[in-house]
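The first chain written gets the first letter, and so on, giving A, B, C and D; residue counts start at 1 in each chain.
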Amino acid sequence: MSSFFERLRADSLAVWQDYTRHAFVQGLADGSLPEEAFRTYLAQDYLFLIQFSRAHALAIYKADNLADMQEALAGLKAILDTEMDLHVGLCAGWGLSKDELQKLPEASQTIAYTRFVLETGMRGDLLDLQVALAPCVLGYAEIGRDNLTAQPQGPAAKSYRNWLDEYSGSGYQGVAQAFSDWMDRTADRYLTEARYPALLQTFTQASRLEADFWRMGLDAAR
Amino acid sequence: MSSFFERLRADSLAVWQDYTRHAFVQGLADGSLPEEAFRTYLAQDYLFLIQFSRAHALAIYKADNLADMQEALAGLKAILDTEMDLHVGLCAGWGLSKDELQKLPEASQTIAYTRFVLETGMRGDLLDLQVALAPCVLGYAEIGRDNLTAQPQGPAAKSYRNWLDEYSGSGYQGVAQAFSDWMDRTADRYLTEARYPALLQTFTQASRLEADFWRMGLDAAR
Amino acid sequence: MSSFFERLRADSLAVWQDYTRHAFVQGLADGSLPEEAFRTYLAQDYLFLIQFSRAHALAIYKADNLADMQEALAGLKAILDTEMDLHVGLCAGWGLSKDELQKLPEASQTIAYTRFVLETGMRGDLLDLQVALAPCVLGYAEIGRDNLTAQPQGPAAKSYRNWLDEYSGSGYQGVAQAFSDWMDRTADRYLTEARYPALLQTFTQASRLEADFWRMGLDAAR
Amino acid sequence: MSSFFERLRADSLAVWQDYTRHAFVQGLADGSLPEEAFRTYLAQDYLFLIQFSRAHALAIYKADNLADMQEALAGLKAILDTEMDLHVGLCAGWGLSKDELQKLPEASQTIAYTRFVLETGMRGDLLDLQVALAPCVLGYAEIGRDNLTAQPQGPAAKSYRNWLDEYSGSGYQGVAQAFSDWMDRTADRYLTEARYPALLQTFTQASRLEADFWRMGLDAAR
């Protein structure tokens, strides 16, 4: 049986692929992505993760049972205790110190997606929040799988391959699968057909804002 | 076809009647309610209305379409622009000035019900919020109808009858009917059977907290 | 004595003027703005107002006293009961029906600013919310005053002058002054110098997102 | 230099001592507390901890910097990953299984305090939230210290002494001290004298609701 994510993905396919097969992603995979584009992306992604931690904290707040709280806490710890340190390390390799990162102004595209997710979740219920988070959590996993064997060329080849490895690796793939299963369990309780169009709109909008985020990286290198 | 409220009411009947047929209500209807109990209730009900206004504002925030926003705004204006002034007038008749009212500490029972409503609504969706509000909005309408012809006796007879008139009158009955219809429309979009037990628990809990509110009045007169 | 707004404005002057003296605004004032740019702006501004109503409802929820609640309610009614109808009328003149308006997808720039405001307000206190709202409420008033005597030329001259009249008129100027005074009263209670940098950042960010909103209009006409 | 907590405590001393020196606490310390009172308290305290976890998640959401987020996450993990398991173990010793605990209806007193904390925090800023949490976090630490050498007598002596040990032990005392220091840092940024009366009211109200929570235990054994 297919997952709720697969339904949303199929019903927004063109927008979804604009995001997951974006020129930024193609450039990562073949190595043609300008380094400045990647560097800009990395720095904003750090600010993004701070807001994503807040979104996972919001999921704990929104949960109405202990199991959902623990599921969301696992995600929160994965970001705040682990992923952000990895990110700081990655950024250091690109000459971005932790202090610099925290002082950086958020780009409009970073604000747009993160506040959309947080606000959608606060206004609605846990399902709304998960659907808004899904393009990020599950899209990165798909991008990882799509580019499992990609061999970037050029000066930043190693960094780009490292990035792809992180998201194609079993660790992240497992996180993504757990998230999808969790969203299915929430949908079992909260999904109605009358709500579906609004949820699809949230998913599509969030995917579009993800594509804007790639675009921001590319624009920085023009 | 019966309303969603009628379903909730039937499934929590004992608790519901503990609230709507409470000794406080019986005392209002026959006039035996000690005046100090009523005075205490009135003052706390003023503080209650302030939080209830916030709950209606929250409903506007929670709404995902213009029609729901306008419905909630109508309720908010009814309270903030009209009902609170009436209340101030009523309190003045009992020797409670507006200044005194605002400085009064909230009783635990006032805090319990109002914060439960606000928090349930913030955590969940518009349906959760409406179900938490329903015992107040619809319970007072039922109490009004139940005591349409009651003839309180004794020193506070006129005040008690005035109070019953307010809630049995066509104005308030119309507000209550509109609220019930609005909750039905929300349930049409958001209700699933898997959610029903939690919604029933919210409704039951809120009804219990309403009964505690009457009890607070009675305790003040012991 | 100068207002808190004037302090924020002075400390973000370059960004502020990028917004209030934007090419879009210059084009409105001299009539050179492409009609498609204005039409796109108008339609998105309708969606913007829906979220702005939610932000005012949030201000009521956030308020910790009756006076602040009533102040915010006045703003909310001005938008939901009046301004949105005016807007629908204005849009009709440009061939945009109310139904079309509500079905329109929100542009990224609309999402970015509105969700930033709502989220900043939910995370923080009433002062955070007001500071995030200020560039819109007070910037439009300044744009109105700056262009009090502008005489747009060309095919859309009348529409553009009407728009400028709305915001330079005494009605809107009074709303803006009341908002600024209200923010001053909140700042009297909640402002600390330690908070000022973060509040300035909110104000600057919101101003930047307003400029992005103008840019969205211009881009639609390229 | 004294802490912000010490200021709040001094300014609400009578209410504070009604809570920290409550008959329930005296009964714990000398062993005269009826076992049914303790059992009822324990079970409700489990439900309380679930809401307290949500309050810590809310603190992460409310934080505007990474350091505050990590501070709140440490508190959240202490509760969700550790304290709740300890609690389940403690309850098992009193014949309360985890399943039973989760199905238990929340007492009005549990609802009142927990929802007051959550709602105060959502409405206001991080400082409001911390002040609402303080009577619980810091009051239990004081109760632990006050009864460091207490020697309860009677059938439940061992359980009562265990409970006192938990809160007088260096682990919990360290958690409490860290919380107080954290609140001081927040106050350094957000406290104004104009806000102080409202913060004191939050603190006093929360202390009163804690005393109600003890009372709930005692009432169960009457």
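The rule we apply is simple: a residue touches a chain if its C-beta (ideal position, glycine included) is under 8 Å from a C-beta of that chain, and two chains touch if they have at least 3 such contacts.
Keep in mind it's a predicted model, so treat the numbers as computed, not measured.
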item	value
Those chains which touch chain C and also touch chain B	A, D
Pair with more cross-chain C-beta pairs in contact, given A-B and A-C	A-C
Same or different contact residues where chain D meets its copy chain A, judged by the half mark	same
Between chain B and its twin chain D, rotation from the CA superposition, multiple of 5 degrees	180
Chain A and chain C, separation of their C-alpha mean positions in angstrom	30
Separation of mean Cα positions, chain D and chain A [Å, integer]	37
For chain A paired with chain B, centre-to-centre distance based on mean C-alpha positions, whole Å	43
Overlap residues in chain D, where contacts from two or more other chains coincide	54, 61, 122-123
Chain C residues within the chain B interface of the complex	50, 53-54, 57-58, 60-61, 63, 65-66, 69-70, 72-73, 76-77, 80-81, 84, 102
Residues of chain A defined as touching chain B within the complex	61-62, 64, 122-125, 128, 188-192, 194-195, 198
Chain B - residues contacting chain D, complex	54, 105-106, 108-109, 111-112, 115-116, 118-119, 122-123, 201, 205, 208-209, 212
